[in-house]
Each structure stands twice: as structure tokens, then as C-alpha cells.
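The two complexes that follow have subunit A in common; it is paired with subunit B in the first and with subunit C in the second.
Right after this comes the complex of A and B.
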């Protein structure tokens, strides 16, 4: 039974890291959001699997909270506050080309592997991969933050970093106090809410949500 | 001895005889999905018979490569057939002559000759398609190599018969993360290598957009028939590697008796049929990518393959 959970968790981790890479390179903003939802579901799946073998209701609660906040609430906030035209667009002006971004993501994957291996000794017995791949996911999301220029993929990058951190967290501290989880679960939708309002306002003014072009000053007409 | 030879011949006959049928079924299903009637599933056989009865025309400027290539393209999938477990799960004569890497290189030789012949034919669209095929080929190659290396990490071998046994005993090997990710990567490679839709449109005949098809523009008569048949067999061989070695290593004959072989033939046929239906779904639901987006598709396959390798190295 444990072997099955182990293999299944490994598969979930592999798919998790794939979603992290996909969020860096996918062009449609709507698709980016969908991939983020998938990633959050995979995170909660990993929490459920780790919570199953040495029974830990904290991890189950974490999984449920993750689904509620990141797979339901945040997408809903972002969908309803940011205009639909933003999601239909393709982002063509990434600061790094897709192949270069992909190769950087691989490099970060290897960095995560190298950094995570020594930490694995401290991790939960069931999940030697959570630490390495969680750190890799965090670094790749950081790359996404640097590569993407639109507001929505950038906020998704921040949330993706948080997902990576949680992936490490559920392996290191299976009995993480629930109050911290709940605090984060309330914190993150609030972040999404604020950024979405901001993006909506910026879109009204300038007709785009490219955060990259906010760096230069512009005279108001 | 005689039995092993007979089994080998049986496998060759399976690939040789049924590969056009797979192409026909794929075409028919695609037409059905598009609410068209389409040609019957035996149309590839009729095409081949018609082409074999015709005279061949060769361009004046062409060299021996042009005349030699159809035979190479026809024979090479058959050579690969000898290396892989088509119907039996016990090794036959040539099982240890070459591994999966060798099979890849042997198939690459046929692609090499086809490329040369396309340029040799003198048709302006030939070199265009040839260079595009080379582009797809060299993008796909690192993915294949990473996939095979990961396979060798997992199964400690790249001999297809040994790899296949590794997934079967014990069964939990089959569900490892790296294996599942490998399957995804290999499936994407399969689509790219056989000129299927996200990469190339096999039914499109607009010269400027053609990749695979335009290489055969100058061929006619029996030469074209051999090239087509070789193409069908290449698809069948890659499908067999995908199914029997990596995805579903079950349903093969474990003894050389005639009932067991008949059963294995039927089961492998059904497996290929299922793969064909999967490809129909993919081809009918995706659009062909623009030429410079192919790198993205193959890059995604590469990402999957690298992730498979990393999860394997992590010891997951």
C-alpha cells in the first residue's frame, strides 16, 4: 500500500514540476491560469498522499484549504475582476524567448535537485522528492516572474512560488499547525484580489496589463 | 532453430501485411470524425497495387541515390522489426544485435537517404520539405536520447526485450513517475517523427506547408509505392516500440506455439488499433502548429523527458 502511495506521489511531483515549467512558457494567459489551477490540485494531491501513509489530518486539512483557496477562490477572483479580453490574448513579448526560458527552467530544475538532495535527510520518510522538486518549483516560478510581462502571469508566478514552498513544507513538517495554513489561505486570495483590482484599473487606463511597460514614465494626454 | 526463424517471419509478415491497414483505419476514422465518408480502410492496399502496376518516371538530373532510396526506406523498418518484440516476449535471433538506440539510428539512416533523394530529385519543394524534416529530426533527437537514457537508468538496459520484461515484473515498476512521464514524452516524439498533426499535416497537399509529404513529390510508380509502404511500416514499428516495449508490455506470446502466436497477433493488433484511435483524437482536436512553433512542441516533449530523468535520479 505504501509503495503505491509512494509511486503515485512521485508521479504527482513530476506533473507538478511540469506545470511549473509550462507556466513559464505557455503563451495564452487563460491557459496559464488553468495550469496554475492544475498545479494547485497537484499540490493538494501530494498533501493527501503524504497525509495518508503516516496518518496526518493536518495535511488533509492543508489539501482541502489549498483546493478551496487556490483552485476555486483565486481563479474566480482573477476571472471576475480582470476583463475577459486579457485572458483571450497571447503574450508575445516575453523578456526571454521560449527556448531560452525552457533551458533556464531545466537549469533551475537541476539546481533544485542539487540543493534539495542534502535536505532530503530531514524530510518526511515518504517523500524524498518533495524537497528537491518543491525548491525547483519555487525557482522556476521565480524565473516566471522575471520572464512574464503581463500582470496576471506575474501574480500567478508569485502564487506558484508559494506552491513550491508548500510542496517542501508538507514534506518537512507534516504536523504544521493549522492556524498558519489558514492564515496563508486567507492571505493569498487577498493578494490576488488586490492585484486583480490593480490590473483592472491599469487595463482601463492603458488598454493592456503589461506590467513590463509600467517601468517607463508616460505623459498623460 | 526453424521455429525461431518461423516466428521472425511471422513478425515480419505482421508488420509488412498490416501496416497499410493501420494507415487505412487511421484515415477512415479521421474522415468519420470530420463527418465525411472517406475511403475504405483497405484503400492503402489498393493504392499500393495501383502504384506497383504503373511505370516509374525519374528526373533526368537524378543520380543513383534517387533510384536506391525507395529500397532503403522500404527495407529499414523491416530490419528494425527484427530487433524489437513485435509478437513474442522472449528474444528471437536478432534481439541482442542492436538496442533501441541502434533501432533509432537505423531508422535515421532511412530518413537520411530520403532527404538526399528529395534533394536529388530536383523539385524545388523537395529540399524545402527535406530541410524541414531535418529540423524536426534534430529537435526530436535529444528527446529520444534522453528518453532512452532514462529507460536505461530505470531498466539497466536498452535492449527492448529486457526493458519490456522490467515493466512487467514487478507490476509496480510500471507505475513509477519516470515511466509515466517517459510515455508522454515518447508519444509526443512519435507524433513528431511520423509527421502527425501538431507537427505536420499528413493529409495536407499545399506545397508551401508540406513537411513530410513533399519529399516524395518526384517519385512515381513502384518507387512511390515502396516509399509509401515504408512510411506505413515506420509508423507501425514506432507504434510497436511505444506499445510493446514502453506502454503496454502485456499480451505478447510467451511460447512459440501457434495458438499463442495467433492470440498475440490479435492482441497486438487491438493495441495498435487503440493507439490509432488515440492519434485520431489528437489529430482531430488540435490544429497544425506553425513551423516555428514546432520547437515549442518538441521543447515540451523535452521538458517532459528531462523531468522523467530528474524524478528517476531522485530515486522516486
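Right after this comes the complex of A and C.
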């Protein structure tokens, strides 16, 4: 990997982690979806940069499939099937306030580094930054899942975790046989479709898509 | 038709069933088509078993798709439970949920069966991960089928927790591939991983094991990642519970057991200790939950957590006898748990409630349902002369022979406590004065009674006689685990 590609990839990784943090704190559901699209484009950009030198058609295919699936198909499915009012809503009932969520996200960023660096020392990857920041991205998305109560941001958190996992994957397993391409091409749009159907049903039943408010099932009811 | 073509037909049949239901006006034939596809798939699985018995492993696509003895065992279980669940659905879905959405139900049912059947066929671990994720995606709408607030909550929790697990697992899959890369191999199959395990970098193998165990542990329902399981089982239609509990959790556990051979080659991972601890914690916690639950469908769901733990403990012995007892328990649990959920579904139809306290004197209302519930409770909690009794006995024997006295002693104590907990709950429902219900409930539909009868056959028969061919299949399945 040449020096300028390496630096460009570092810039992409920095922006990737910023989108992960933004998804935790942004309150409008429509904006959360747009930030997810940006994050997916950044994942594709990193795949193209790592796949450029030495050439890897796996990474190039992964980048293309990510754009088609996560930047085009998923937003289209979610916007088509989930009622439009949902995207205009500001989510006010997060479990944790914005300052606490931001601090937690920064702490997880450090944890990602602390976990990723020894792994790189044990076995060199294509790009150490991808491993550390991918793990940090995965952990921050996990935080998003914990603090968001609306259906769409919750599921975007799971997809954000997957983006983090694949950001690691493109650096450690650039020749991985098919799994990433197939998963993104088939599983992820199917996931978006199922989520959208379920979110619609929740909206019909409760008047909102606040999955966090569904808490009728208890062990000792 | 040769054995290879027959093997391809097994997963193709439910897929065909799902596609055929996309045709207009297929509501009336939906149930019959699903029963026919499932039953035929079971018949063909028996043919595949005979072929594997005589020819060994069937290689359908080299390094991607093949069928060995362990795969055949899973195929037999999935198709048998699918067939009985399809018969039970014919009597259950209409009366309980109305007949408007039956086509959607059966299409989803067939797709779910297809996703589960694909797992035993695939030997490439990356593709296995995709198939496991598909089992979640194709069963979520079955869990939420009732459309109530509670059913939606259960489906949402099921989806979020198991997909969270899948995302953690995918990182483990990628790290394992990274570790394999250092051995100079890219053969990411069960056999390839086992062959390269000893030369993989230790930190990577440890990280991969932890991520895969946590990720798939959520899907299997291991404590403390089990919280979705009782909710999903209390809200999903009873035949779907039979599939989820009887075979879906088992088929994911099968993936973990295949990987056990890989991690056993790296002693520093301590896979045996992790399996034993997680298994015992799951069994112990499940027994406590069995004793205090108030919902009889949740009761059987907690029993699934218990049995997943028991199988994990058996696998932790890592001896030939331990492996035989683990696959034996997989078989007896699948047939018995599906029967239990048919009995629970019948009780729900007859009484209209899931509350244990509100169901008293079931014997006075429906003798068939009461008998089925009692037999199911006795059988799943390990009483003789039922199938689970023999497999649990084999597990205890394997533990003692391999000198795992503490683990075996704790397991035996938990199993005995679970037996009394289960009986305490179920006898409250069966005996006593029948509760006064607000409105008359219909009698048990005939398809439900037929499904109960068919499902009861292996539960009873395998408790008194295990055919030689089945013993041979179990032994060859255990050998395929590569312990």
C-alpha cells in the first residue's frame, strides 16, 4: 500500500468513526439514516483504497455491493415501508443524555484502540487503523443500540455494528471467500425489509415506532 | 434418481412449497402443500441416510456442500419436526388466528424450514454464518404472527438480540479466517479449519472463540443471553415454537459443536472448561426459572435453555462416549420438545389461556390434551421410559467414565431439580377441579390430535428401543464432531 493511499485511508477511517459517534447523538431519525448512508459509503471507500494496491477484486466487489445495498437499497426500503412521519420525529426519550452518550462513545473509541493494537501486534493486518477503528465503530454502534429507543435507529445500530465488523474484515481477510459480498447483497436488504414490516406493525399497534416502549413481557407477570 | 439428486431435493422441497404459495388462490391448498413438502422431505432424508450409510459422505459441491452422518441426523430431525408442525398448524392456525393470513404463514413456515435445512449441508463456515442469519430473518415474522403488542415486542427482542449475536459472530468468523491465513491454507471448511487449528496464532484463535461463543450463544439461548427465548416462545404460534425450540436452537448448537473440534486442537483456549461452565450455568438458571414461571409455554422455553446446557456439558467431556451422548441428546430433545409444544398449543386451544394458575383440572376438559401434557412434561424432564431418559443416562455415564465427577454431579442435581420443578408446574394444570371458563372452548381439532400422535411415537419408542441403524448413525455423527 503506497503512502498516499495509506493517508487517504486514515482520513476515511477518521470520518467513519465520526459518523459512528454522530449516529449515537443525532436526534432526528431521518438524519440518522442519512449518516448511516455516509458511513456505508466510507466503508466502501476504505475497501476500494485497500483493494487498490495490491489489487483485490474481493475488496472491489465488496465496495460496490456495499454502495448498492447499504447506500441505495436500504434507505429506499426503509423510506418506502416505514411511515414518513417517523423520519421527521425528534427522538426525545433516549435512555442516556447527549453529553453522557458522547463521553461513553469517546471511552469506547479508546477501548477499540486498546483491543485492536495487541491484535495487530499478534498478526499484521493490511491496515492497523481499520482493525482498531472497526472495533471502536462496532462498540459505539452497540452503545447506540443501548441508548436509542426507536425501531429505525436501533436497527441502524445493528447495521452500524456490521459496518464496524466489515471495516475490520477488509483489513484482516481481504480474500475472504464470498461471505461479506453475499451477506451485504442478500441478508442486509432482507433484514431491512423485515425490520420495515415489523416497524410498520409496531406503528399500527402503538401509534409510534418506539420499540423501547414495548415492555409488557415480564418474567413474573 | 441418484443419492446426490435426492439430497438436493431435501432443502429444495420447502423452497418449492414457499414459491408455490405465491400463486393466487393458494390459500386452500397452503396447509396440504406444506404437509406434503415436509413429509416428502422427511422421506427423502431417510433415503439420504441410507446412501450415507453405504457410501459415506456425499460430496455435492466440493468444499462447499456435502452431507455426512451428522448432517443426515440434523436433516432427519428438521424434516420430522417440520412435518409434524405442518400437520399441527393445519388444525391450529385457523382456529387461533383466523384464516385470512394462512398463505403468508405457510410461505414463511416453508422458508424458515429451508433456511434451517441449508445449515447441515454447508461445510464452508462463511456461508454457514449467512445461513444462520437467514434462520433469524425468516422466523421473525412467524414470531410476530399474532400481531398483538406482546407478539411484536417478542419478535423485536428476538430479532435485535439474535442479530446482535450474529454481528458479534461475524467478527469471530473473520478473525478465524485471518488466523487460518497464517497456516498457508484458505480451506475455510470444517475439515480445513481442524487441519490448520494447531498452527494458528493463539491470540487470534482465542478472540475468534470468544466472539463466536458469545454470538452464537445468544442464538442458542445460553444464559445470560437467553432473554429473547421465553418471550418469543410465549408469543409465537405453538408449531413455530416447536420449530424454534426443537430444531432451530439445535441447528445453531450443531455449528458450535462442529467448531469445537477446531478449538480442541488449541488447548490454551480451554474450550472444554468454557462449555462446562456455560452449560452448567444455563442448566442451573433454567431450572430456577422453570420453578417460578407462571406461563406454561415459557415453562417449555426454559426447558430448552436447560437442554442446550445439558448438550453443551456433554460436549465438554470431549470423549467418544460424551460425543455420542451429546448427539443422542440432540435427537431426543428435538423430538420431545416439539411434542411438548404441540401439547402446550393444544392446552392453549382448549383453555384459551397460557397462565398455569388459570388452568386447573385439564383432565376433566380434554383427556387427550391432559395426557399429552403429562407425557410431555415427564418425557422432557428425563423420566423413564421416555427417549430423553436414555440419552441423559448416557451423558451421566460419559461424565463418570471420563472422571468429570464435579460437573456430572452438579448436572445430575440440576436435572433432578428440573424434573420436580416441571412436574410441580404441570400437575397443577392437569389435576384438580376444572376451572370455570367464561365461554365454551372448541374441542381439540383433529389435525392437532394427529400431530400429537405422530410426534409421540419417537418420544415413547426411542425410550424402550433404539434401532441398530440409529445407534450406528449416532456413533458416526459423534465421530464427525472430531473430538
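FYI, the second predicted complex is superposed on the first by the 204 of 221 C-alpha atoms of A that agree within 3 Å, B and C clash if a C-alpha of one lies under 4 Å from a C-alpha of the other, contacts with A are read in each partner's own complex, and residues count from 1 in each chain.
Note that in this section contacts are C-beta pairs under 8 Å (C-beta built on N, C-alpha and C of every residue); 3 or more make two chains touch, one makes a residue touch a chain.
What you see is a predicted model; the values in this text were computed from it and never measured.
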Problem set entry | Touching partner for A:13 - first (subunit B), second (subunit C), both, neither | first
For this session: Once the structures are superposed on A, label A:191 by its partner contacts, choosing first (subunit B), second (subunit C), both or neither.
Result: second
Problem set entry | Touching partner for A:129 - first (subunit B), second (subunit C), both, neither | first
For this session: Classify the contacts of A:83 with the two partner chains as first (subunit B alone), second (subunit C alone), both, or neither.
Result: neither
For this session: Give one of first, second, both or neither to describe whether A:21 is in contact with subunit B, with subunit C, with both, or with none.
Result: first
Problem set entry | Contacts of A:106 with subunit B and subunit C, given as first, second, both or neither | first
Exercise. Just subunit B (first), just subunit C (second), both, or neither: which does A:54 touch?
Worked result: neither
For this session: Considering only the touch criterion stated at the top, classify A:205 as touching first (subunit B), second (subunit C), both, or neither.
Result: second
Exercise. Which one hits more subunit A residues, subunit B or subunit C?
Worked result: C
For this session: Find the residues of subunit A that appear in the contact set with subunit B and again in the contact set with subunit C.
Result: none
Exercise. How about subunit A: which of its residues touch subunit B in the complex?
Worked result: 3-4, 6-14, 17-18, 21-22, 25, 98-99, 102, 105-106, 109-110, 113, 117, 128-129, 132-133, 136
For this session: Give every residue of subunit C touching subunit A within the complex, in rising order.
Result: 124, 126-127, 129-130, 133-134, 137, 140-141, 144, 147-150, 152-157, 159-160, 163-164, 167-168, 170-171, 173-175, 177-179, 181-182, 186, 188, 201-204, 207, 230-231, 234-235, 289, 292-295
Problem set entry | Interfacial residue positions of subunit B with respect to subunit A in the complex | 172, 175-178, 180-181, 295-296, 299-300, 302-304, 306-308, 310-311, 313-316
For this session: Report the residues of subunit A in contact with subunit C in the complex, numbered from low to high.
Result: 118-119, 122-123, 125, 138, 142, 145, 151, 154-155, 158, 161-162, 165, 168-169, 172-173, 175-179, 182-183, 186-187, 190-191, 194-195, 197-198, 201-202, 205-206, 211, 214-217, 219-221
